């Protein structure tokens, strides 16, 4: 919006036509593909490339969007992708790679340099897929990531033995299911923001992750905020924003 | 029921009348006060004297039951009692004592000797009233109690500094509101049963203690079981049963 | 931590190097297998061998952990195991045994001697799988178990007819779905701790066991605590701790 | 509607005017008092007089409706009435009576003869107000009522000692809060319909009676149906219908 | 228990041995099949034969229990049975019959005579399977049943056109999913007990029948009580008890 | 936005300055009072004057906003107002009027002419305050309103007797608490949009209106949409929009 | 009912027989097909033809109802239809058409003329199937529909760029899952009724659409009402009623 | 822990005694006041002074802790404080200040210099108290804060007009009740982390803020995380951590 004055000046001076000005004021900063509006300005606006949520997308739509972004940007990532979706894409783009654990497809011309540090911790081994989604999204956005897995609170010595690594990060992602207490314990031990990710791991009265979500939202610790159940992507995204703030001026 | 054979033998031998036998077989092991059935056999059956839940009782009922048990047993306790209820009782039984924090009235001729050890831990200072209900019930039943308060998981070093005392107990009561993670952490550090008590302390999405209850029920640790929200009495009772089992033969 | 003094003394006397002391103070009492941290100190700490939660584990991880513990300990148990997981293990360890009902795999060189007594009761026949998980875990840990099945409260005479056996146990596990009232009734009839296990048996407004869980948490009886829905393992574990306390000195 | 033919015949024969016929077909079987539509046909339709739900009614409305029904019917009952509401009515109708426990106001010229038998049971003493609402409504409708109070399942012998009385009733009302297991146990012991009334008595995870409601709805017993939390009136009403069916032909 | 006096008299007179008396006092009014306790006294106690809940039963258990009851009683019914379970039984008992809609297997030597009247109404066609479970259970117990299907409240004229039939029944079963309003409307139109059955029919915020359950529990009408979601059996059972009370003396 | 072209033309022609154009493009169509942004364009945009939600507003804020709108518009309405708030306003604007039932304050120079027809129905008398909020808001916006109160589904004849009036309206507002079935029945009887308003009237498992809300959202009828619990204002607003559409061209 | 007077007049004048009159007064405005009551008067009463909810219907019932309505009306629509159900119908009615996205089968002799305008907006591409159900139902009923898809609030410029089209509609349908904020934003931008449709799109704490439903019900905007989760049909229906009101007189 | 090596070296060299070393290794980094453990190392560990949660604290405890921290730190803040609590403190510390809106008491010798920028936005005026808690906590910790209030999504132009200010902040706090959509819209417009705070503002189905919480947790936007309902303090804390990261190196 900052060039509003400039544009109006040009209108006055006749440098651009009325039609151009109207078009400028009404322009849609996205490309309409009919079934979807691909946000081609996102990288400019947010500094991060767009990431595709693959789950539930029709095959032809996924393929078209994936290719389109890769052509435009030279890099593309799809989360929540099935193996079958990967094969579909790999048939066209053989350089695409698939990580089964995190269910992420990537296709990258040249990897970004990693900066700063984000620590990704899990309570148990079953939480690793969600943690990997967070870690790989953060890495894709150019952040350095430390993984500290299986350090749940029922054996607190495992967490304490890795504390020095965790304390060095600019932002900590705490991934936990069942009772979800990991976030509170870590937030009490570090002085950086903790992003808590509840997972749907557990059974019985865990209600597919609601128990862990409530634990994290009700945390008695300072410096903790929460994203949706199993939302590794969301945690990786906001952690990347925070780490970028810290690293930008360094 | 073990003397059934004996009793029938006496019937056969004419040592007891038919009426006596029928009465024996039909006898009600409680006293009917009309509005309530006071369980005069409880001490025999359970080894613990009956405790009165004062909240919501009509004044005349509370007073009558309280006096009756004191006369029969020489000791009596009422939980969830208001100050006004205490004054009502104290007018008749000046030796009655009231603890404002735990809201417990007691009247005891001679205190029992304490045996074994139960550790009562709280996450914060606001959980102390519930913890005191548990601790004082356990003490009333003749158990030695260690209090370790304000050792919540957001500052884990406070808990670790007291670990040696906690590990010596036969049973640990973990009292916590907000996210309720204390029980999991303690259960991972001791090899004795942990009774978790969620409290209604907190706000927002804690739902008056449901968040802490879910955390405790979903605990990833071994050796933990849970009682109702704010149910200090229930925790003290089962902990007393466990400590008695451990101490009985020592 | 009790040898802290001793270790520092050796440092002073030059008997151990600084590096050794540091390593000692920082040592991790678990073995890091990369994807998991096997708790090799658990038997020492808790007196019970580690039990594997098989559900959701990757085949190669399950197999490696199972073998590793068996080699170290001469005994191993996996709960929530599928028949396919059993076959995987049996191909390597032909002496492994599988119980379809409780879905438990065991591999034991020499069974422990059983001590004390735990009673495991169910309301209906559909609750038996959860009860068997509890019973077999308790037996694996060296406890004597009495099974009293199908004694739900809608036919109270069935329960009363077995009361003498239940009253002899040091701890009672009450397993029930639907309305889950069994725990309250038993706790009113015995003077030992009752561990209540809600099951997901039922339909409609039972919400996969939440109804039974609420019933048990709200029990009007004394001496009852609750574990998660279908958590037979957790009930068996804490019952084993309680029975051990009772039996230890006998 | 059975006299439809007759009425049409009269129209044909000119015995009644068109206007009368239209009015007949459109007539409203209630009296419109502006702010309320008093159902003057209810006694005819249902056999029971209308009962006023006093709670929340404006003073002038309550008074007018109360007086109106008393004039028409010679008997009237208001439930959920406050003491202040009673005083308002007593100022006009000194013969009105108020029962503090059940919060019911009645004004009856000549009491009905009681027939049949309804048993009203409670788990604890705190459930008595709801039970009394049920009992007094049933008595007002002309049913004989047996009260069996404080027979909760945590002391099952209290219930068993009164079983013969309960088994004689045509319908049993089981009133219970906390875990609400009373209904299941009674339904397993009698062969008549059991109407279960959950009460809001309890605390913590009882959710103001929802726990007891779920217990009753999920009952594993046969011959049990449930009304709303604290709805003594509703239980008394349907029990009266059932007892009437049983007693009608005797 | 009424022959207690008589039995004791015989003991006194030496007419029965001590062993016989003990056995009498301890006798279990059910047969223990190991995995289940078949209630062989139920018909005597309740007047209705036992009905098997087939769902989730192991094949060999179902078959054994089904055959055993048929041999003892000459009639047997299993609800919630799959077609595969029927084929299992039909291989042994070719006279067994299966109703796909209600998923009921029956095997009856000679049908009972039907008495009285129960009306079974549904809101939509999708509610019919639950209604048929209720209707066929009631018929099996010897009750005459009227079926009035697809009379939901969004087209109230359909219900009004069948009102005369509904009003003749001794008890009405109202089966409805979605918003579940049928029960309230019917209870306002008849003077007999209405048993409301919520069904899990619907989608979105119906929560598998909870919406209909809440509607029925909160009904503003008189003379209505509710059973669990989809619990046609439970509704048929209590309706049969009520109709029997009405018909017994006629 | 339609005069964008025109404005740009003037810029080109130098008829308005750059500053004016920028101001135009950036202008805030509301007035910033610091603590609130009064929407002075609302009447232009929506055709309805702004209505103040009084509840929770600070006294000085309420008074200032109320006066400001009255000065600008010559009419003003505040909903959810307490008597004390009314007195505050009446001290300054003696012509303000307060309706206790609906808790609405109005101050109107000249009432609008009423057009079209909206029918407002309630299930019981306790639902009237919410209904009046809807009705008076609709009247304030210039709509003719028919009130049909106390026509709940447990006495369906009361509703049927008023059907002709209801069927004439362009839009029907159905206000009901408890089980909330009124909306479904009306929507089955009219061919115009029904706006359903659940109320918090009821007790027990009504959850302060959630039961009625779920009933309405799950309605099996066509042509029904729902607003928030007790949201009479919201129902009146959308009904006014609908009636305006119908009446506009008439 | 308006011809009641007329009919009674004819009875008086002997123009129609008593039997005819009775039949008229008792006639059922629907056709009883045994398993269903097809509402043959619906088109007359509501102005819209009946639409079949195909999901869960037995094959023979679906086919019979579909054919019957097509014969009577010359047009028919079935929603929530599977491809297999379409093939079943197409075998008999080759002119039937199936839309995979919305899962709608139609068979129409001559399409209606479209009038007025309804705008259907979605937040994301995954919400399109529900939106199409709404759009096609509205078109089937003769309304002109504008589709504006993928304009969710996380990229508000996409919505603003299409605002002029949305503002021209008589009614806007806002379809959104996840956090469901689209309805509020649109209602703040238009002066026509907004019908909000929550969808089950999302994961974690969205609870299959409950999160979006709550967002919409709690909307801070004016002029918005909500239908059930994924209920495109319901939104299309009421929007058609509203658009018809607006267009009728134009 | 970094001086571990150094300390051990001193032990070796005899520079510190064994007792000192043991004490060092076991030292408790907090001061035990009996009823509370004041965390005197917090400022060192976290860089922020401790803030007191006043609500529910006993008067003498609050006063003692408040004074103690002020003496140690020269600054102190208490949140959720009542006016009565302020008066208590002001009697001792006349320089203490109270902000009624945010319910915060502060006592500060010399205010910190403000750095960076945090934007605090609210949807409505009723959300301001929570926003002020966040803003003042952030300011107390030395952050520059921009307040942008009353910019809810139902009038999106209000938000857009302030966008330039919001976009300049390092972190945005979005405070909203009712449907809580503000966070999603802002996160779509900025490229910095958004901390969403649901408030309990609203009524009906907002469930005291749960609706807004779910909206925020389910947000379709990138770069958003959520804290507990009404938890302004928690949002201010984590925003301060983020802003510090951004500002530290600038």
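Should a chain be cited, it is by its letter among A, B, C, D, E, F, G and H, assigned in written order, with residues numbered from 1 in that chain.
Criterion: contacts are C-beta pairs under 8 Å (C-beta built on N, C-alpha and C of every residue); 3 or more make two chains touch, one makes a residue touch a chain.
Here the structure is a predicted model, which means the values were calculated and not measured.
Ranking C-E and A-H by contacting C-beta pairs places A-H first.
Computed centre separation for the pair chain A/chain C is 38 angstrom, with centres defined by C-alpha atoms. Averaged C-alpha coordinates put the centre of chain B at 59 Å from the centre of chain G.
Looking at chain E, residues 26, 155, 204-206, 210, 213, 217-219, 222, 228 sit in touch with two or more other chains.
The set of touching chain pairs reads A-B, A-C, A-F, A-G, A-H, B-C, B-D, B-E, B-H, C-D, C-E, C-H, D-E, D-F, D-G, E-F, E-G, F-G, F-H, G-H, using the touch definition from the header.
Per the touch definition, chain E reaches chain G in the complex via residues 125-126, 128, 149-151, 155, 157-158, 161, 201, 203-206.
Chain F makes touch with chain A in their complex at residues 4-5, 8-9, 11-12, 14, 18, 21-22, 25-26.
Those residues of chain B that touch chain C in the shared complex are 1-2, 45-48, 163-164, 170, 191-193, 195, 213, 217-219, 222-228, 234-235, 237-238, 241-242, 245-246, 248-250.
Contact residues of chain D toward chain F in the complex are 26, 28-30, 35-37, 39, 56-57, 61, 198, 200, 208-210, 213, 228-231. On chain A, the positions that touch chain B within their shared complex are 123-124, 152-156, 160, 178-181, 184-185, 187-189, 202, 204-207, 210-212, 214-222.
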